[in-house]
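Chain IDs A, B and C follow the sequence of writing; residue 1 opens each chain.
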Amino acid sequence: MMLDFLARRLLVALLVCATVLTFAFVLTRLGGDLAISIAGPNATAADIAQVRVAYGLDRPMPVQFLEWVGRAATGDFGQSFFFKEKVSKLIFDRLPITFALGLVGLSLALSVALPLGIVAALRENSWVDRAISIVALFGQAMPSFWLGLILMIGLGLHLGWLPISGTGSWEHFVMPGIVLAFSAIPALLRLTRAGMIDAMASDYIRTARAKGLSRSSIVLKHAARNAAMPVVSIAAVQLGFMLGGSIVIETVFALHGVGFLAWESISKNDFPTVQAVVLLLACIYILLTLGADLLNAVLDPRLRAS
Amino acid sequence: MTRLLEVEDLEVGFGDVSAVRGASLAIERGETHCLVGESGCGKSVTALAIMGLLARNATRRAARLSFDGQDLRGLDERGMSRLRGDRMAMIFQEPMTSLNPAYTVGSQMAEVMLRHRGGTRAAAMARAEDLLGRVRITSPGMRLGQYPHQLSGGLRQRVMIAMALMCEPELLIADEPTTALDVTVQAQILRLLLDLQRDLGLAILLITHDLGVVARVAHRVSVMYAGEVVESAPVEALFAHPTHPYTSGLLGCVPVPGKVARGAPLGSIAGVVPRLGPEFRGCGFRDRCAHAAPACAQTIARRAAGPRHDYLCRLEPGLAGDAR
Amino acid sequence: MRALRNAGLVTGALIVGAAVAIALFAPLLVPHDPFAQDLSRRLIPPFWMEGARAGHPLGTDQLGRDYLSRLIYGARISMLIGIATTIASGLIGIALGVAGGFFGGRVDDAVLFAITARLSIPLILVALAIVSVVGSSLTVVVMTLGLLLWDRFAVVARVATMQVRNLDYVAAAWAAGCSKGRIVLREILPNILSPLAVVATLEVALAILLEAALSFLGLGVPPPLPSWGLMIAEGKDYMFFSPWVIMIPGVALFIVVFGINLLGDGLRDLLRTGRVA
């Protein structure tokens, strides 16, 4: 049963990848003739024709599509128009930075959202709960790029605690990490709170209390374990969104990760790179949700067995 | 020697609803005490109030609430948690949801022992295995490693019972432990509880609405109605001389072989248990009672109908019994 | 606690109402032409700072345009984008969700697949790419966001339709021989509107934030339109010396989005308790 479920999930994942692959191809053809954009504003008709042949844009669309699919399947995304380098190398050079940023953001978000969510659930409808829900609303309403700029002015310029932009050291990841965490905190917080409220109202918690267990064991061992499953799922989704959203934050902080690369290649009409990043982020998201399903199967014996 | 559990004038309220309105109850060591009544009469709330397991929005007051001479009213959550699972244990109506789905049977049982008695995990597991055998679960060693979802309802209730016995409690509160189970399993579980009670000498407060069960297992019965214990007596006395009109009405609803003629209509009590506010005075049964009179709206005094037999009605003993 | 919840709802409604009113009556409210440049009056600080000048209560930007006027017109753009995008994405999402929930089976599989595929596509990146390829304009931003933000509508409409589909009055409509179209329009849609209303408010907020982010990155609303995101982007170069150039539009953005979310949360609580009672 479990294997069956996994096989089905994998099949869906592959289909989604194929869909995104097609989408990424269509995306770059939306604007009409690519060759004109690549050749630049000052190009002559002869230049454009030359570019068209050089990039294989003179062949029929289906051929171009099949070639892109065939090469993408082997991890070859072609040559970057702008950086004059292999796209795959460009991306893999920058991927660690984006991953590091995502992990910093997720860890920060979890370390704020989980305790606050648990406290809010235990004090449901109290002023503490209300205050925490306002924190969540704050996070939801804060434009991330604006928060980034404010932190730059406050922590960077006035207090001088952290570098304002760049990629040099771990300190460069703190402010972007905070901004990224802010965007994920509301969803994680709300889900933790709702999950804990459900769990604390359940029969097995009443049993745990009837057994005379300590408060910490009741809350952290018995309730939190069962509230964790939806939180794991949403944390994976949020990490996926963070990696996608890092395009704004990396641009604000000039952090040279994949997001910054994507922004550069978009503004330079570097389509092979844009396509590859879209595909890569989609695949990472799919892998993350698959991973969350697996982790949930570990957490929940019922899923494991059936 | 004092009684094991003494409850006097227990009141529990949820906002503007009084769930328990001055219930009194006493349980001797080693006795099986049945608490009977319709749904919504406050049986479960009384049990939860004794265990200190009421929801946070509930208020509890009592003139006396003592366990083995110790006043429970002054105990905070910490103090109560020392008693619960150790000297007083409880099992519930819903075996399907009362165990934590995320942990094995063995680890949920062992943690009771580890919490109250300490010792090694291996020793706690050995004790758990021993108890699973005592509640007649086959291959207990294998069950220890299983998760609740792998067990049937009857097995889960046995696990709950075994878990409750981990620290050899003096009092076991069983809140309708068989209601959610198949009829054949119900009988097994009841027999098991009785055997355990005899072997271990523990007192059981069995909450049920099934008078057949009461007749088979109880030493003593307390009948609850609308948040009050309206009658309390040794089981023989209660069945022979029901004194409160509600008790006799309740008995009239049950077919007793040999006592009820074949084809004769069974009794029933018209209406439902009312929801009463804190300002309510007098007898809660008066709207459904054939003997109701203006005096029933006054505060009623508890009176004796025989040895260790008391009831809560303005009528003389013997009068109400005619209600049938 | 009840009063506090209602306070949230009322505050949210007041903020949203004010924002809508400002957007509607922007031409009547502005003290200056928001597009009129005056290079002799560049970067005048707002009234609470030294060097403020009468007639420009919130100062001027780097091109000498009156900041208050631009802020007021910015509300117009934000509200327009928020509402237009939500209408577009709502149409797509509700159609998909209702179809999946109503027909079930293969149709539902397809809808679920579409939702999964949509969620796996990196939102901002793809929006930026589309705007960059197609060219930036208000319409393009609305269309792009509308095509991308339908997922939550679809998820909620699908689940709500499934719940409603099995209710007695829908069965009664079947039994009465109503057509599928009639059942969807007359029986199902009216009964799933309230959860969708909550989604709609939250989507307006999300669309406003996304437009601001796109405009901030230079691929949203094109200048000289006074989008708040664009104002922040244009002020970025001056923010270390004149922080108010990014503070003012940012605070406006924050307050409006905060108000919309308050309203959405309040609506959700109201509908939830309404259902219980």
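The rule we apply is simple: a contact is a pair of C-beta atoms (placed from the backbone, for glycine too) under 8 Å apart; a residue touches a chain by one contact, two chains touch by 3 or more.
Quantities reported herein were computed from a predicted structural model and do not represent experimental measurements.
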{"item": "Required minimum of steps from chain B to chain C, each step between chains that touch", "value": "2"}
{"item": "Most remote chain, CA-based centroid, reference being chain C", "value": "B"}
{"item": "More contacts between chains, A-B or A-C", "value": "A-C"}
{"item": "Rounded Å distance, chain B centre to chain C centre (Cα mean)", "value": "56"}
{"item": "Rounded Å distance, chain A centre to chain C centre (Cα mean)", "value": "22"}
{"item": "Whole-Å separation of chain centres (CA-atom averages), chain A against chain B", "value": "54"}
{"item": "Per-residue multi-chain contacts in chain B, two or more chains", "value": "none"}
{"item": "Footprint of chain A on chain C - complex, ascending", "value": "1, 4, 113, 116-117, 119-126, 128-130, 132-135, 205, 209, 212-213, 216-219, 229, 232, 236, 239-240, 243, 246-247, 250, 253-255, 257-258, 261-262, 265"}
{"item": "Touching residues on chain A, where the partner in the complex is chain B", "value": "202-204, 206-215, 217, 222, 225-226, 299-302, 305"}
{"item": "Residues of chain B that touch chain A when the two form their complex", "value": "51, 53, 77, 80-86, 89-90, 92, 94, 97-103, 111-112, 115-116, 147, 149-150, 160, 163-164"}
{"item": "Footprint of chain C on chain A - complex, ascending", "value": "12, 15-16, 19-20, 23, 27-28, 30-31, 125, 130, 133, 137-138, 140-146, 149-150, 152-153, 157, 237, 240-241, 243-245, 247-248, 251, 259, 262-263, 266-267, 269, 274, 277-278, 281-282, 285-286"}
